[in-house]
Structures are given as C-alpha cells and as structure tokens.
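In the two complexes that follow, chain A is the common piece, with chain B as its partner first and chain C second.
Showing the complex of A and B:
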C-alpha cells in the first residue's frame, strides 16, 4: 500500500492557524455547553456519560490549543479563556444556549436539542478527524488519530439516543423534529471550513469542504432512512451568523463571561 | 541508570487506580537515562484525563527521590497513541486486584467486546454504562456473582 506523495507543512500559515482555531473553538464551547448539563441530564447514567464525553471534548480542545501555542499564538489558557467573542471561530450552532433559564436555578434545557446538536456535530467531527489523519501537518495528523479513538464512543452514544427518541413517537418525536429543524438552520456553519477553506485543501491540511459534507450525508443517510426522516442539503444554513468569520451571538458573550470569570480574576495565577 | 529510572517509574501509580503503575499501564513510551539526566515521554490514556498533571508531578518527584538525576524532563506526547493493548500482563492482574476488569483483548468486527468479571471470572456480564467514573472506564454488571464492577474501555486505532 503506497500513499500518494504529500508535501508536509512545517511552518505557520494563515490557513493552518484558521483550521486549528476552528477545531479548538468548536470543541471548547460545545464541551462548555455540555458541562452546563451536569446534574440536569435525564437520568444519572446519562449524567455520568455526558460529563465524561464533555471532559474528553475539552481535552481535545486543549490539544488543538496546544498546537496553536506551539506556533506562538499564545498560552493555552489565554487561548481558551482570554479571547473575545469576535476572535472566536467556532460554529454558531455550538455556542447556542441549551435552553431557557440558567443551570443554577431555572434551567429548562432541551434534551432533544442536546441530542441532535451533539450527534450531528460529532459525526461531522469524526469525518474531519478521519480526513486529518492524512493531514500535511504531521502534529495535527497525530492528534487526529488520538481524538478519533475517543470519538468512537461519543458517536455510539449520541446515535443510540437519536434512534431511540426518533422512534419513540408522540412528544419525543415532535420535539426531536423541532430540534432537527433548529440544528439544520445553523448546521451550515459546522460544515464550513471558513474563508480559507480553499487554501486548506490546496495545502493538503484537510480535504475539501464539499467532500466532507457529502461524506456526512453518506454516513447519516441510512440512519435518517431508518427513522423515516428527510434531510436535504437545502436545509443547511447559517441563520444566526457565520462563526468562522467571527460572527457570533449574545449567547457566546454570556458564556465567555461566565467561563472566564475565574481566569480573568487573576490571569497570572497558577491553579 | 535506566534501571534506577525504571524502578522509580514503577512507584508512580495511576492516581485513580493505585494498584497499577504507569509502566504497567503502558504509558511510558520513551525513557532515556544518562549519567545525571533523565527524559521521560508519556502517552496520555485519555486526553481529558485530569490525572495527567498529577502523574507528571509524581514522576518528577519519584525521579528526584532516586537521588541521581540533576536534570529531569517529563513530557506528554501523542504519537504513538496510547491503546488499551499496551497494558502489561502484570498490569491486567493488578487491575483485577483493584476490582477493575482489564480491557478486552479482542474487539470483534461488529464492535462487540466481552469483559470477564474481575471478581468471579464469569463472562456472563452486561454493560450498564459505557461511560464510567473516569474517562478510561465503563460500568458493568456481573450476572453470575451479581456484582457491579468497572472495566477499562478498550481503545484501538482500528476504531
């Protein structure tokens, strides 16, 4: 088995940093949203599972931030906590609140949205990691191998919830369908590689956006068919903004102010 | 020197499973010990594992205690990735002593895996929760001796 020759990338360039910021910021904010569910998940076993998944996801974000730190982009903690929302490159879908209320008191979080957002995102992340295993940036390829092994369990988890709730009928089905609609309205942002997508492909950092999108469809199609759900490419949109360009919602500002509260109190402190 | 360093690393236990050393967990990828210098490169089991910093500190402390190294360097690396088949035979026994099922050696093509109960050895077990109290463990139940138990999750590059 011989692989086609690929030119390795060994220095910093805008397409590479852009890709790393997207990967890091996506995982970081979704892991944060996941952590807000702690103690509120539908049952105790799910609380254990979801918090474990969020912990893994935060670990993945830390690895991607580490790659940026290695390029002199700044310290990992600063990259995670110290950047303003306009500097963030995560997809808007991943920053949206879990539902009305606050996790400390009046949370009325939407489990259907949690299942759909996580399942659709994790499948997209899995496809990216599979592609990144052949990245021209070797340290990223190595991280992708590691992330991928953990994703296997995440995907299995969310797929199980998805199929069971979709097949449950009644209120479950109607809430799931509403969550699918809400998720797809911003899923275009998740599948986007941003303004430098073309350069990323040309440099062999990751495959082209369109190929990855089609692969997502290919993986999801049999699952959608099995639960009698129709999803078409025309449904993908960026209703609430293009996060890859630094466009974000008030949800992200609120999240950043909460999650960076301790860090901002004394950025030089060692915890 | 290498023997001294290895003996020191054998004393570093998993902070959450104190019967097994990081050597038997298969976390030590590179150990370079010279006259006064030692470099250790470790593979994290799961990336989000909060024990990693503690492990790094404990490795440094044990190597310092050995009294022969002036320069000690401990790093985490990602390549090759840690996989559950890196746990040694001794490590598998030590996990069982702690009440944790060692990771299954084989995963079938359908993704199924079987875990023996660490208490009675029965294969008549069921999965309660793929995710457990730490990133690397699952929660299972033994239908033979009716004990709940934990087992290390298999992780492989085949996944």
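Showing the complex of A and C:
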C-alpha cells in the first residue's frame, strides 16, 4: 500500500507555532513539577528513575523551544523562562501543584496524582509523537523520532506503577481512584490541540484531535479493564481552564516565579 | 595447618590472620567472606553514612534545580543531582549486604537517619541561599569529595571499591559542571561576581571541616586509625585537606576570587599549607544535627517518608 505523498510545510504559520508552543510548554512545566519531587519520591530507586524521566522531558521541551527559536520566536531561554502565564499554551493539568506544601520544606506530595498524571500524559504524548513522525513539517518529524525513543521507557515505568498501585487494593486503590478523577477533570485540556486544531490537521502537521483521542482510548482500554476501572469519554473535562487558549491557574504563576527567579534577576546576563 | 583442614573448622584467630594476610597482599574482601566484627561495623558505619550523605546532599541542591537560570543549566543540574541519588542507592545496597547478617535493612537506615543515630556529612547541613552556592557545591564540595573518595578507591572491601570507582568517574563531571557555573559568574556582571565571592566566603569553613578533624582530640573518637589499619583508606584527614588546598587554591585565585583567610600561606620548607583552623566546636554541633539547615532537611525527608508510607505498604502487599 503506497502512502499519499506528503506535502512539506516549510514556512512559519500560526497553526505550526501554536502546535510547537503546546508541545514545548507541556513538557517544560511537567518536567518542572517532576524536579520538585526530587528527593521526595517513595523510595530511592524511584527518585533516580523519576529524576531521569524529568530530565528527558526537560530535554524534549528544549528541543521544541529550539524549533521555535529557529523560527525567530526568540531565544530558547526567554521562551522557557521569560513568558507570562497568559502566553503559555500548556494544558492546565500539567501545571497543577504536586500536592500540599512547598518543595523545600513542607511538601506532602501526592504520589497517586504523580502516577496518574504522568501515565495518562505520557500515553497521550506517545500518540502525538507517533503521529508527528509523519508531520508535514520535517524538522518536527525529526525531533519526534528522537523523543519517541525515550517514551517507550517512560510509559513502561508509569504503567508499572499504575497497575501495581491499582491492584494493591485498600488505601492505595482509593487514593488512585481519587487521582484518576482529579486527572480526568482536566484531561480534556491535554487531549486538546487548541483553537487551531483544524488547521493543524489540514496542513498535515499532525492528525486530527479526534483520531488521537480515540487512539488514546484504544491503548488504555485493555489496561483499564485489567485493573477493573471504568473511564468514559464523558469524564474528560477542562475544569480549571483551557490552557491551549492561554487560560491558567495561580499554580502556574507561582511555578513561573520560582523557575525564573535567577533568570529574571538579569535576563541579559550570561549564566 | 594442612590444606585439607576445612575452613569452617578454623578458629577465629586463624581466620583473622588469614584475613589480614589477604588484605596485606591487596586481595579484595567480598560480602560473603569472613571478616572481623570491627571491620564489618566500621564499613557499615562508613558506607551507610556515605550513602545517606549522597541522598541528603541532594537537598541543598534541590532548591536550585527548578530555579537554574537556563535550559542548559536546568538539564545539567538535573543530571547532576540524579547522579547523587544514584550514588546513594548504590552505596546503600553495599551497606545492606554488610548489614544482612545482623538482620538489619534499609528501613533501619532510614529510621537511624531520622533519630539522629546515623549522621550525614557535615557539609550538607549548610545553607545554600543563592545560585552561586549551587555552583560552588558542584565545584568545590564535589571536588573535595573526589579527593576523599579517591583515597578509598583501593579499599580492601571489594564492593565499596567498585562502587567508588563509578562514583568518582561521575564526580569528575560534577566538578566540571560546577566549575562552568562558577566561571560564568566570575566572568559575568558585578552582581554575579559578588554572588560567587559570597558563596566562597560562606562555604570556606565548611570546606575545611569537610575532611574532618586532624585527630580524635576534637570529637573524642576517630575512625582514621582503624580504616587505615584495615586498608580501607591510605591518607589521614589532614593529608586530604592539604591535597585539596594544593589542587584548588590556585584555581580559586585564578578566577579573581579571594580566600576568606588572610593568614593562609604555603610553607615551602615544611611543604604544607598553613591556615586558620575552623571552629571545631561548631563542627561538633553540626554533626549532632544542630547545623543551620539540619532540622529543616531532616524534617523534609521525614515528611516525605511518612507521606509515602501508603505507597511502600501497597508495594509490600503486591510482592
């Protein structure tokens, strides 16, 4: 079966930049949340594994920001550290705090939420990368191939946690179910490609939003069934806002002020 | 004693003599080999303290991981602190094997940390209030660690020596990562230069203390003699401190930084650095968990441990 020939996109346009900002901002803020977990994971082995995943994810964000820089959108460090929350396009789910407390002193982070948020997100990211491998924007297709190689391990990692804790019963099960509920209430934002989704599909940048969403379901269904969990499409919502449109929570503002504290002291300096 | 005599039938004296002969000729002792009780206890104390220090050592740097000022620095410091956690894990596995015959586990190590029975390295009780401190920790604290750990690369206990080999290789990258941060600051704006000089001033005393007191008169006990006797290490604390000065003082000065000790000089005749002693009473207090950040960091670790209790319980059920 021969594939229809891809028509390559080689110039900047709003749908392409919007897609790149979503990919970069999603990974950047989730990697930041991951870095707050450092030293606080349930055991030392997990600390090593989780920080390795966060590091990969930060690396992916850097690659996506680089594509934007190549387009003249500004320096990568400005893109990562210097943009206001209203300019950010990440899904709101990914900016939400890890749990109560501050990452340096009183952190009482929620491991169940960490597992669910990461597992559901990484599966969605994997589906996007698979689709982007055929993107009409060649540099993005090349980045997707690189990112994809690491996602295999990330997905395996979070799936293992998900199944183990779901099957443990008792307190673990009820904490996990609460985290599923919390995650799904904003998971609509993760699966959304934003206001320019239609143009992205038409230009062949990525497949249509609905196709990607169905693929996510298809991948997750057997896992959900194996742990006796019911999830339906009606559960997907954007309870705390549509990040793709620049709607965000106070959690993001607080995160941005922490992560850009040193950068903002002198954005022109060489650090 | 004939060759045919079963090893199991040897007396403890015979086993001890055989053990000492093995380490004299440079043979490595392995986890399941016979070893004198004080050798085992010294190793447990040394290696569990080393391991837990790597883990507690992530906490002063933790503040700066999310705050690192560029994507490149964020990636660098994330990788660095992940390595430290990895060293902690590697070392705790070595300690766990030694503790097995005593019926003790990782859980005991954690509980000993929380109760204060197990100390973590004095340097990780200190404050790290600026990005300059993050760079300085990578450069000079890891630099000091390379010096003490290199001293044990040929340790008679095989599993520890092998772990240190890998750790030292990674520490070299850390010191380069720290040096790159410090160089950028030292060559940067006036504000950045002040930031790095402040960090040097703040950490100087802690760096002197890093290698421990010269002898047992400071704290009442010292493991230096027993670790040297059993060929776990070769040099004394003071030898190591001198090595550190020789390696790093020229580098500090070449960046246009100054040392906070005006009395310091190199005595050519004695071939020694002469310097102002740190306040060893302060040191005694710090290792009793009364340092500036001891309680805050222990409490962060303890809170996380308690918050995640349900996870460890769930894993135990699953196994």
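Everything that follows uses one rule, which is that the second predicted complex is superposed on the first by the 269 of 271 C-alpha atoms of A that agree within 3 Å, B and C clash if a C-alpha of one lies under 4 Å from a C-alpha of the other, contacts with A are read in each partner's own complex, and residues count from 1 in each chain.
Please note the rule applied: contacts are C-beta pairs under 8 Å (C-beta built on N, C-alpha and C of every residue); 3 or more make two chains touch, one makes a residue touch a chain.
Everything numeric here is computed off the predicted structure, so don't read it as measured data.
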Superposition-derived comparison: chain B or chain C, residues of chain A touched: C
Partner chain in contact with A:214 - chain B first, chain C second, else both or neither: neither
Contacts of A:147 with chain B and chain C, given as first, second, both or neither: first
Partner chain in contact with A:36 - chain B first, chain C second, else both or neither: second
Which of chain B and chain C A:270 touches, first, second, both or neither: second
Which of chain B and chain C A:257 touches, first, second, both or neither: neither
Chain B versus chain C as contact partner of A:52, first or second or both or neither: both
First, second, both or neither for A:81, with chain B first and chain C second: second
Which superposed partner A:62 touches (first chain B, second chain C, both, neither): both
Residues on chain A lying within both footprints (that of chain B and that of chain C): 45, 48, 52, 55, 58-59, 62
Chain A - residues contacting chain C, complex: 32, 35-36, 38-45, 47-48, 51-52, 54-55, 58-59, 61-62, 65, 76-77, 80-81, 99, 101, 103-109, 111, 164-165, 167-172, 175, 258-259, 261-263, 265-266, 269-271
Chain A-touching residues of chain C, taken from the complex the two chains share: 55, 58-59, 62-75, 78-79, 81-82, 85-86, 88-89, 92, 131, 181, 184-185, 187-189, 191-192, 296, 299-301, 303-304, 307-308, 310-315, 317-318
Chain A - residues contacting chain B, complex: 45, 48-49, 52-53, 55-60, 62-63, 139, 142-143, 145-150, 152-153, 156-157
Contact footprint of chain A on chain B as seen in their complex: 46-50, 78-79, 81-83, 111, 128-135, 139, 153, 155-157, 159
